[in-house]
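Each chain gets a letter, A, B, C, D, E, F and G, in the order it is written, and its residues are counted from 1.
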Amino acid sequence: MHKNPILRVCTKILFAPIILFGLYVQFHGDFGPGGGFQAGVIVASAFILYSIVFGLDKGKELFPSNVNLFLLTLGGIIYGGVGITSMFLGEEFLSYNVLGSSPQSGQHIGILLVEFGVGLTVSNVMIALFNAFAGFKSGKGN
Amino acid sequence: MYLAALIACGISGILILVRIILGKTTFDRILAINSLGTIIVLGIALHGFYSGRPEFLDIAIVYALINFIGTIAVLKLFSTGSLGDIQK
Amino acid sequence: MELVKDIITGVFFFIGSMSIIIGACGLIKLPDVFSRIHAAGMIDTGGTAFFLLGMIVQSGWSLITVKLVLIGVFIFFTSPVTSHVTANLAREKKLTPVGKKIGKVL
Amino acid sequence: MIKSFWLFVILLGLWLLMSGHYSVLITSLGVVSCAFCVYLARRAKLIDNEGLPLFFFPRLINYILWLFKEIFNSNVGTGKAIITGNISPEIFIVKSSQNTDVARVTYANSITLTPGTVTTKINKNEFEVHALNSSFGDDVRRNLMDRKVKWLEGNN
Amino acid sequence: MISSAMGIWNYCIVFILMMIGLFLVIGRKNFLKKIVGLTIFQTSVFLLYITFGKITGATPPILNEALDTVYSNPLPHVLILTAIVVGVATTALGLSLVLRINSEYGSIEEDDISAQDLVEYHDEIETSKEFNTKFIK
Amino acid sequence: MISELLINAFLVTVMLAIAIALLKTRTVIFTVILTSAYSLVAALMFITLDAVDVAFTEASVGAGISTILFLAAMAYLPKKEEENFSNQFLPALSCIILGAILIWCSYDLPEIGLISSPIHQHIVPDYILGSRNDIGIPNIVTSVLASYRGYDTFGETIVVFTAGVAVLVLLQNNKKNPKNTKSKINKIDKKVG
Amino acid sequence: MIDILINNLPILVVLCPLMMSLFVVLISNNFVSWLLTLFATLVTFILSILLFQEVQIHTSISYALGNWMPPLGIEYVIDKVSIIPIIIISSISLLSTIFSYKLMPFDIGESSISKVYSLWLLAIAGLIGLVTTGDAFNLFVFLEISSLASVALVAMGAKKDKQALVAAYNYLIIGAVGATLYVIGVGLLYSITGTLNMEDLSDRLKEIDNNRALIAGFGFMITGIMVKAAVFPLHIWLPRAYSYAPSAVSVLLAATATKASLYILARILFSIFDISNDLILNTLNYIILPLSILAMFAGTIMAIFEKDIKRLLAHSSIAQIGYITLAFSIGTKASVAAGFIHMFNHALIKGGLFMAITSIGYYLQKRITINNLSGLGKQMPVTFFCFILCSLSLAGLPLTAGFISKLYLIKATLSSEGIWIAFLILFSSALSLIYLWKMIEALWMREPSEKIVINENPFVYISLLIITFFNVYFGLDASLIVNSSIDAANILIGDTK
């Protein structure tokens, strides 16, 4: 489908704004609807659009699968890491109060980081899922 | 006023749904579902105004986005037989 | 002032409602995919534009307006793409449109 | 590089318009996000005349207003055609006179965007157009929109 | 009166939707359709939860300046956010299994597959044939 | 506020229509399209029920990603479902019984939208107050999601992670070079004896 | 530092395998990934032992996650009840990780080992999280983690036999339906009480009676968990899933997965709801009791006629689950204690049997059927010896762990329900001797059908030896298990009866 100029031009123009919108949703989850999951899916959908239009190989070139795997775990590690940090600071797992100078700022930092971890994992898992499904080579049958 | 607009959306939504269920070719269905998406985007925006909290328009944008990508994906599936490769 | 706003919005909404309902009717009534695309185009352009305009009038200068404009821009950007790709594929899959052909066709 | 900068500015403007929260944290996150987007766009090799048609900008407003008028007119026309059932679909070829792909895409999209006419195929500078009835077809064949897009494109 | 009737109508339809989903899961033999049924089933359960959380005349649970605003119940929303993501994870895993099944068996109809399995099982048990030929060779 | 309920009732009925169409159809692509439509309408319903975050997620995850995954998988699957009416009695009966139980119990469920029911009185006021004072975030859903019930969200991230790893493992197995594998297996065999 | 460790024990037990699974994915070296897995399970085991000691001192530890007081936030509760499944899971997972070292690369191929170990850890973490949590919805999340991970692990058997895929698919779909039913139940209960915390839920449920939503909610929750626990008519996913899974995975799943669900079942029956409630009494007497008796016989009889040995053991698991639910359904302190004793012992027994059988099958490289086994026992004396001991334990012969649980079960039934149930238990145990004898006969008495030279590998049988040792040890001195089970029963049944 990349031969079709309309689709190609449109994808090229939309790619960056979609990712920006995803990041906007990511960081404004505190104020309105949105947050890690939704943002992750939106960012992933930009990559998926790119892969659909330009082909899976181009998509993997843009976003190599080992980087994908690394970021996929990094999200979980960030989330867990925030919890463990608060544990080392003498509170329970995932109690953000101790992360900042005041409980409220601690909560802010904690929620921001945690949502970022969620977004990272979700977006990378979605991209990985899409790549795995679209690039599936059937063995026998079919 | 908003309610009237919502009702209009509802009516045309039903009509489009009829087309989706009747639809002869798959292209008809894709077209109809794309229109349904647009109607729902409008419905979301209108409902925000109707219920007095119009600041949640992000959902409508996401909706439009997902609608677009979904349609492109279906069409890609039809043109090449899979979402991955780029035949032709 | 509020009244004027409301009236303008009402007019816009009326036009928008008409165009989406007529579009939906067209979607059912018209004979084949290619002509139905026009009806879908009516929903995507006329309906969206007037509904969004009506809401913009109501919201005045605020973030909401920005979002509404963004929705409009997005739909105006993507609607022709999907319409075109649908039509293109339908042509490639050898669906022959109802009606006459003028001259040679690609 | 200049184009990347412009993309960054545009994206940042978009962020600031959407955000509505101008605390230091959120704004700096916005700057980082925009930089990240530009980086990705550069990586994906999207920043060229197609991905960022800057040369449209000077005349864009004028064109959009004109396009809206056209869309309104053809909406009315299509509505009438649907209600009265006065349709005689036709399919034909028009030539486009633009030089760049972006401009051709703009032209094709503008044709599609006005209800009543749809571009069904594109082959270099020939478009196959499907029209709901001959009056829409005549509108396209008069090449008014073609000239308008040519004007929008400028002398690029 | 009307509102309570509407409420019961809502509940009943949501329950019927659930059962349609469940029926697709347990009644259909096509593996893909089962997953679709699961999606429908789960989405309907989400609807049930969200219906519990609604308060008439309230606004979405996002604070605004006014102190006397009534907000709908945010807890079901949180639970369902979790459940949606869990649901999509299940769907993805199920789909990948279906893909593998199709590439191994050449079919995704339960009857076909169990027939193939039965033949194979019988062969192995009765004749104690070496079952992983691709391994040994 | 009857109009709210009317909108809900309308949307639920639309969903019922889609579900019935799903029961009838045997074409895979149509099934996928209808599922997508079902999710879309469900998301609209979530908005009318004030659950904006859920609608956001349902629209992006339920309607977007699941549909794309279905489509991606569909490319390799048979396009038609076989007609098969045998053995549908027992499943149908059990579904009807379960549905009847649920409808029977709906008599005692709290009325929709009643603010005095315990579900709205017990913990939730604390969340609303706490979100304003302790956490300082306008979106109560986010504050409950990430702070009060942050551990649920952690679990959910792990679920997504699990699914990702599982799918990678499952779908990559096929693509290996068979020659390579065999030699490795032989090596293991030798080692073990 | 030690302070932090002790204070956060309840969460660390879950967190250790969970976080390690994130790191294991990234490692490409197979040996290192196994080593990390071993390390994580070892630490988990040590932590759970520490936790056991803590619980002996404090009776009940409540851990408020995020420092939010329980009805607001999620709470982890570890008391003398939940420590039993934690110990079971952590010990079995340690043993089966050792066991998996040689078998895993063989069963699934070398290329994806690190990812499989990550899933392995996730399954363990999910199971432990499932039993530690005190929040009805958080339970669902961990239920899904463990079930998704174990589905993927079962599907890994496809390398050897493609039927594993169908088995995994059925496991996934039935499991997901079960989980959704559970969610419906939680939702109905939530709608009438407004809380998700189990303790709070049980307090608030006491004030409500004769409510239809309560009855339906209870029914859905129980049904959902019963699907996961493979209680008799809902067990259809189990035999296939266990028999086609890779060897090490079937050890892990058979010994732990259903135990966690059974624990949840006990929690719902006795802790969230109240045993004095008519609803619960009726459910126990008229639904769970007959089902358990059916399960005992159906499982045993299916096992007798089964030729595929892994499936045979899976069928026997269904019968054993029947014993446990039977013990729960009688509902006295003694019987619930007997249920927990049997839960523990069954984990040991089934773990041992599956280890023995799969390590034989490992050398066999064929489907493990009765015919294929002929004469192999002579060539593998250690494995065979352990197999015999575990079998005796399953049949409930004296001086084995199985005997203790049967003894307590029969004592409990005699004191409350009368003689006929005790008779049925004895009868089905006697029946189980038939299939055990069938296997032993094949292994020892027959001549091998073809010549296979087998050298036993210590890495494979070391964990088998350990598990067999405990099978015998707890047959001789069962005070540890019996005492902790009686404590658990005391907490669950409380003073209401």
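Just so it is clear, contacts are C-beta pairs under 8 Å (C-beta built on N, C-alpha and C of every residue); 3 or more make two chains touch, one makes a residue touch a chain.
These numbers were taken from a predicted model, which means no experiment stands behind them.
Chains that touch both chain A and chain E are the following: B, F, G.
Chains touching both chain D and chain E: A.
Compared with chain A, the chain whose C-alpha mean position is the greatest distance off is G. If you average the Cα atoms of chain A and of chain F, the two centres end up 19 Å apart. Averaged C-alpha coordinates put the centre of chain B at 47 Å from the centre of chain G. The distance from the centre of chain C to the centre of chain F, with each centre set as the mean of the Cα atoms, comes to 31 Å.
Annotation: 6 Å between the Cα-based centres of chain E and chain F. Residue positions of chain A touching 2 or more other chains: 1, 4, 6-7, 10, 13, 21, 31-34, 37-38, 42, 45, 48, 69, 72-73, 76, 80, 83, 93-94, 96, 122, 129-130, 132-134, 136, 138-139, 142. Shared interface positions of chain G, defined as residues touching 2 or more other chains, are 18, 22, 25, 65-66, 68, 137, 141, 144, 148, 151-152, 155, 158, 184, 190-191. Of all residues in chain F, those touching 2 or more other chains are 4, 50, 52-53, 55-57, 60-61, 64-65, 68-69, 72-77, 102, 106, 109-110, 119-120, 123-124, 127, 138-139, 141, 145, 147, 149-153, 155-156, 158-163, 166-168, 170-174, 185, listed in ascending order.
A list of each chain pair in contact follows: A-B, A-C, A-D, A-E, A-F, A-G, B-C, B-E, B-F, C-D, E-F, E-G, F-G. Taken in their complex, chain E has these residues touching chain F: 2-4, 6-24, 26-30, 32-33, 36, 39-40, 43, 46-47, 50-64, 70-82, 84-93, 95-100, 102-103, 107-109, 111, 135. Interface residues of chain F, counted against chain G in their complex, comprise 101-102, 104-110, 117-124, 126-127, 130, 147-152, 155-156, 158-159, 161-163, 165-166, 168-170, 172-173, 176, 181, 184-185, 188, 192-193. Per the touch definition, chain G reaches chain F in the complex via residues 18, 22, 25, 65-66, 68, 71-74, 102, 105-106, 109-112, 115-116, 118-119, 122, 125, 129, 135, 137-138, 141-142, 144-145, 148-149, 151-152, 155-156, 158-159, 184, 188, 190-195, 204, 211-217, 219, 362-363, 453-455, 457. Residues 137, 140-141, 144, 148, 151-152, 155, 158, 160-163, 165-166, 168-169, 172-173, 176-177, 180, 183-184, 187, 190-191, 196, 307-308, 365-367, 369, 371-372, 449 of chain G are the ones that touch chain E when the two sit in their complex. Across the complex, chain B is touched by residues 3-4, 7, 10, 14, 17-18, 21, 29-30, 33-34, 36-37, 40-41, 43-44, 47-48, 50, 52, 55-56, 59-60, 63-64, 67-68, 71-72, 74-76 of chain F.
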